[in-house]
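The first chain written gets the first letter, and so on, giving A, B, C and D; residue counts start at 1 in each chain.
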Amino acid sequence: MWLTSKIKQVFMVAKPGVVTLRYPFEPRPAPKNFRGQPYWDHHKCIGCGGCAAHCPARTILVRDLCQELRVMVYDGSRCTYCGRCADVCPEDAITMTESFELATGDKEDINETMELFMATCQRCGRCYDHEITNAIDRMSRIGFKYDSIEMRAVVPVSSEQFDMKLYEKTEKIKRPEKAGE
Amino acid sequence: MDILIAVINVLIFLTLAPLFEGVVRKLYAKVQSRQGPPIVQPYYDLLKLLGKETLSAGNWAFRIAPMMALASIITAVSLMPLGYTAGFLTQYGDIITVIYLLTLGGVSVLLGALSSKNTYAMVGASREMVTIIMVEPVLAMTFILGALKAKSLAIDASMASSLSGSYGFSMVLMLVVFLMALQAFVARQPFDIAEAEVEIMEGPFIEYSGPGLALFKYYMMIKQMFYAALFVAVFVPIVNTGYYLVDMAVQLVEILVVFVLIAVLGSTNPRLRIDQAVKYYAILIAASLVAVGLTVYGI
Amino acid sequence: MPGIEEIKNGLKKKFKDAVVAVEEQNPTRLFVDIKSAKVREISNEIIAMGGRYLVSIGYDNISRDKTLGMIHTFGFDRDGIFLSLRTAVPESKPVMDSITPDIPNAGWSEREYMDLLGMKFTGHPKPKRLILADDWPEGVHPLRKDIPWNLMPPAAEDVAYQLDECPEGCSIVPVGPYHPTLHEPAHFAVYVDGETIKGSDYRGFMTHRGIEKLCQTQLTYNEIPFVAERICGICGSVHATSYSQAVELAGGIKISRRAEYIRTIMLEIERIHSHLLWLGVAGHLIGFDTVFMQSWRIREPIMWLGERMTGNRKTYGMIVIGGVRRDITPEIKEDILNVIGKVEEELLTVQKAIQGDSAIHRRTKGVGYVSTADTVLWSLVGPVARARNVDIDVRRDYPYAAYDEMKFDVPVFDSNDVWATVLVRLLETFEAIKIIRQCLDKMPNDGPILTELEAPIPALKHALTAVEAPRGEVVHYVITGEENAPERWRVRAPTYPNLQGVPLMLLGNQLADVPIIIGSIDPCFSCTDRMEIVDLRSGAAKTASQGELEELSRNKR
Amino acid sequence: MLANLIKKAFPRSLWVYHCNSGACNGCDIEILNVLTPYYDIERFGMKLVASPRHADVMLVSGAVTRPTLPIVKKAYDAMPSPKLVFGIGSCAVGGGCWFDCYNVTGGADKAVPVNYYIPGCPPRPEAIIYGVALALGLVEKKVAPIELKQMEFPIDMYERNKAWEDRNIIYELIKD
């Protein structure tokens, strides 16, 4: 019993032989539908912020510096490459590229920033909300989830209901003072 | 000249042991359908470990144990008549010395493990202890069988007994027993119980880092090669030309073959549990006793 | 064999006053509202009727009627009925009877809500802290609505979890938090006498990331499938499907048949890769690395297939509420058939090679024995239960997606040990291949893959769904909310009940068997821990973690 | 000379300790996957070891959760230097979806100094090998920060706009 199994096992391993791929000495590109690093097309973007509102990882920051200038920052370090932003984009301005070789020694290397020139709404005449027919996508609960970066960690969304007395009773609780701390 | 031979012996073991380890790792990889590390990988590993920081996790015994282990195995190696030529030291020791030295290596591992006070190291030590107790008798029987054949306790005589005397049924039995115990001697699957990676994280060596670990790894490699060489010297007297260099080369090739065997067996078997292993060892001890008994009656 | 009417009438007749209302969502989902005082008796009655305990859901309803809700759910396997027993206790006095003495598997669920909602259960046999970290301050219950999702109390160093009392004459071997057996942090304290196991205690919940709280407060309905997928990196689609089905059920959304078929295919592809993965890991655990390497080699084409189909190797991101995201084109169909054909062929070779290997038998046969009666009592699920002669399979008993049209066998073995789980998983892989072939054969050729939603999803609807994951059944319970996000979303992974049965399996075995026994349930701690927090910090050297052991031993010299 | 040899041997023999700090299993499986026949990281001399004492490289996968934070730190301290840390997967790089949840501390860099980041959810095995190769100096880094501008603004517009001065504050903030 033991011996026959061993012989079968030898056949099992002998048949495929050595299958090791030569990567990284030979390239091995991802298939064409691969969801790699997302990439903004800044010529197409209308700055609706739909990607920011629908990002599960809340990794896209939308910030209006003044009336004309909107900055969008993609913080690549948290991106889960789900492709949700590309799905909801009304202008197809986001593509999931096939690049996956993103390893780096510095997190900044995978960030993207985009500066948009925002005219008034006359620019395109339509807006993100009207474009999406799916009721489930139409509603966004809290706007751009990442838009108030300073406040993100300091004031929780549920702060209206939050009871400070309970906090004080527990003594040791400290609100994080800065993002991520 | 004799001194030179002893030195050559030690040098050969020191330089070639990692190479054979590399061969085993390569073969493991081939069986697993992959390319595997370069054959010289163990040299890199040892060199790298030497350059690492030592984090001591115990008392003086913890620090001294790896050196003791390596020293004992090197001494054993220097006694070994590789190429059927006795070295300078061979005449000063007998087979009892060799057994003693091999046990001392095991004891050093225990010492290191016990002084590190780690739970897994303790478990590993207890398993190592069981392994020593159960496997050493088989080794002793092998030597005793040789000694009985050669009617002498001297190392070279008893090791070369299969050359001089008849091979005999008892010798064949002992060969089978030794083969079956080989995996246990070299601590490979299915008998790598004391070092089991997924159960107790390399057991006795868990707390060692840097040079200490390097010495232990080196010890393990040399020990493996020693057992392989022992097997070749005792049981496979294919060629004895009398020319030292030729014999040596032939023996080294034979050792390589033994390592191939070890790799194939190791890579196609799961690890045994300690209680199952003990039962297995018990059978081996009984069989080796029978072999010795048969030798006494000259069968 | 009680039908839905019988269950309804039986409960109404026996507990006249305690049963407040009965709601029949559809012929397979029954909701019974009861008064909290009778919860234990009614649960016992349901078990006596043939129900199997699934999970309990607690939720914060303070803003509406000043109560904390508690829902015990049961499944009637032969009738395909899920029963939810809803009850509530006032916020001012959140005390109710524990059902754990009769249903041991409810132990963790109840402990969970002791910590997360501040409920109390009288008569609980082990009312220890299970969920919150030991340094988490008293009186802060993260699942209550007044606690923000990103509250972070400072850590304290001096609190420790009290493990169970070590039996007389035994010593403790800690397994974890970092241990090669467990690819995730979790802690088992194993009490051994020599090398024989006399008992064990579990302290895991280290990969808890607060997913439920996050999704309830921060995300909207259609982002949650992607987060759900990341509950577990192995059975992601299962969670996404289960969640989506729950929302669809609650909101009355009908998805197209083609989308259901695609979901089925994704689930089965996932099952193949998970089972092959498990086979490899099991081989690794008994020190047989060749099996590990070979079965992962066979698995790799499946991963590549997933990548070509969905754009990622594992987090497929295929399933959203209302259907699926990507279609299966004729080319991909060919591709799937090719790959599964090859996998089937190679797996057959492996099966032949290891089935008769006495060396493997020696490590797995008779190991991890649990009697069938105990399996039922502890409500174990999935291959673990099927290897112990309990014939349950959600795919067959409560058909979802396209499983009602599939023909497949449910392998069941009665040797009650680890070897049987190996066989169950091997055979299930072949069944999965069979199901994929049927799916591709019967799938409607065209049709939408995503249903467009006309109206928002109504609030405060309850829905319970179960999906057969590779490890057993996944149960999701959703209460819909007003703000385009669920009010409450509860996930129960298969490891959750199975892990509670591990002490039972360990008892009387050898220390060397711990890895393979824990491995045999295919533990997925991240699934289990999504809701819990537990810290392991212990003063005693012997129960300390790996790192601490080293620390302590260094200081001791 | 020996010192020189040792230095040369180090990148050829990296022993890896895998530390799951609260991952979903996805990255852990991919880490195991690079050991398997198709990818076989052992050809670079890398090997998975069980004890941090033996390791040169720590692979952290998953967001560091509250209970694992002290353990990750201790595992890092238990490694003998020289040592490297790789953060594997989105969660270890920046905290993933749950970067700000009540039980999550954040990415691996919140607990230990990270030398290389390998993003992906989970990263393909090729991406992990690429990261390793990057550390070994076998390949070049391919990513760099991307800055996109929809149009160039007239210079005087920048100057009179106070908001423009605030522009850089955002970049400061997201660095955290």
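Here, contacts are C-beta pairs under 8 Å (C-beta built on N, C-alpha and C of every residue); 3 or more make two chains touch, one makes a residue touch a chain.
Predicted, not measured: the structure shown is a model, and the values here were computed from it.
Enquirer: Compared with subunit D, which chain's mean CA position is the farthest off?
Expert: The most remote chain is B.
Enquirer: Pick out whichever of the two, A-D or A-B, is joined by more C-beta pairs in contact.
Expert: Looking at contacts between chains, A-D has the larger number.
Enquirer: Return the distance between the CA-based centres of subunit A and subunit B, expressed in whole Å.
Expert: Here subunit A and subunit B have centroids separated by 55 Å.
Enquirer: For subunit A and subunit D, what's the span in angstrom between their mean Cα positions?
Expert: 17
Enquirer: With chain centres taken as the means of their Cα atoms, state the distance from subunit B to subunit C in Å.
Expert: 47
Enquirer: Distance from the CA centroid of subunit B to that of subunit D, rounded to the nearest Å?
Expert: From the centre of subunit B to the centre of subunit D is 41 Å.
Enquirer: Hunt down the residues of subunit B that sit against at least two other chains at once, touch-wise.
Expert: Within subunit B, residues 31-35, 55, 57, 197-198, 201, 207, 268 contact more than one other chain.
Enquirer: Would you pick out the residues of subunit D that each touch at least 2 other chains?
Expert: Touching at least two other chains: 36-38, 40, 43, 50-51, 53, 78, 96-97, 100, 121, 124.
Enquirer: Going by the touch rule set out above, which residues of subunit A reach two or more other chains?
Expert: 6, 9, 13, 16, 18-20, 30, 56, 58, 80-82, 153
Enquirer: Linking chains that touch, what shape results: line, ring, star, complete or other?
Expert: complete
Enquirer: Applying the document's contact rule, which stretches of subunit C touch subunit A when the two form their complex?
Expert: 63, 137-140, 145-154, 156, 217-224, 226-227, 229-230, 290, 294, 297, 304, 307-312, 315, 317, 321-322, 325-326, 346, 349-350, 352-359, 452-457, 483-485
Enquirer: Which positions of subunit D touch subunit C when the two form their complex?
Expert: Touching subunit C: residues 18-30, 32-33, 35-38, 50-53, 62-63, 65-71, 74-75, 77-78, 96-98, 100-104, 121-122, 124 of subunit D.
Enquirer: Can you name the residues of subunit A that touch subunit B in the complex?
Expert: Subunit A residues touching subunit B: 6, 9-10, 13, 16-20.
Enquirer: Subunit D touches which residues of subunit B in the complex?
Expert: 25, 29, 32-38, 41, 43-45, 47-48, 50-55, 57, 197-198, 201-202, 205-210, 213
Enquirer: Can you tell me which positions in subunit C touch subunit D when the two form their complex?
Expert: Spelled out, the residues of subunit C in touch with subunit D are 133, 142, 147-152, 155, 177-180, 183-185, 205-211, 213-214, 226-227, 230-234, 236, 277, 280, 292-294, 296-297, 300, 303, 307, 312-315, 524, 526, 533-537, 545-548, 550-551.
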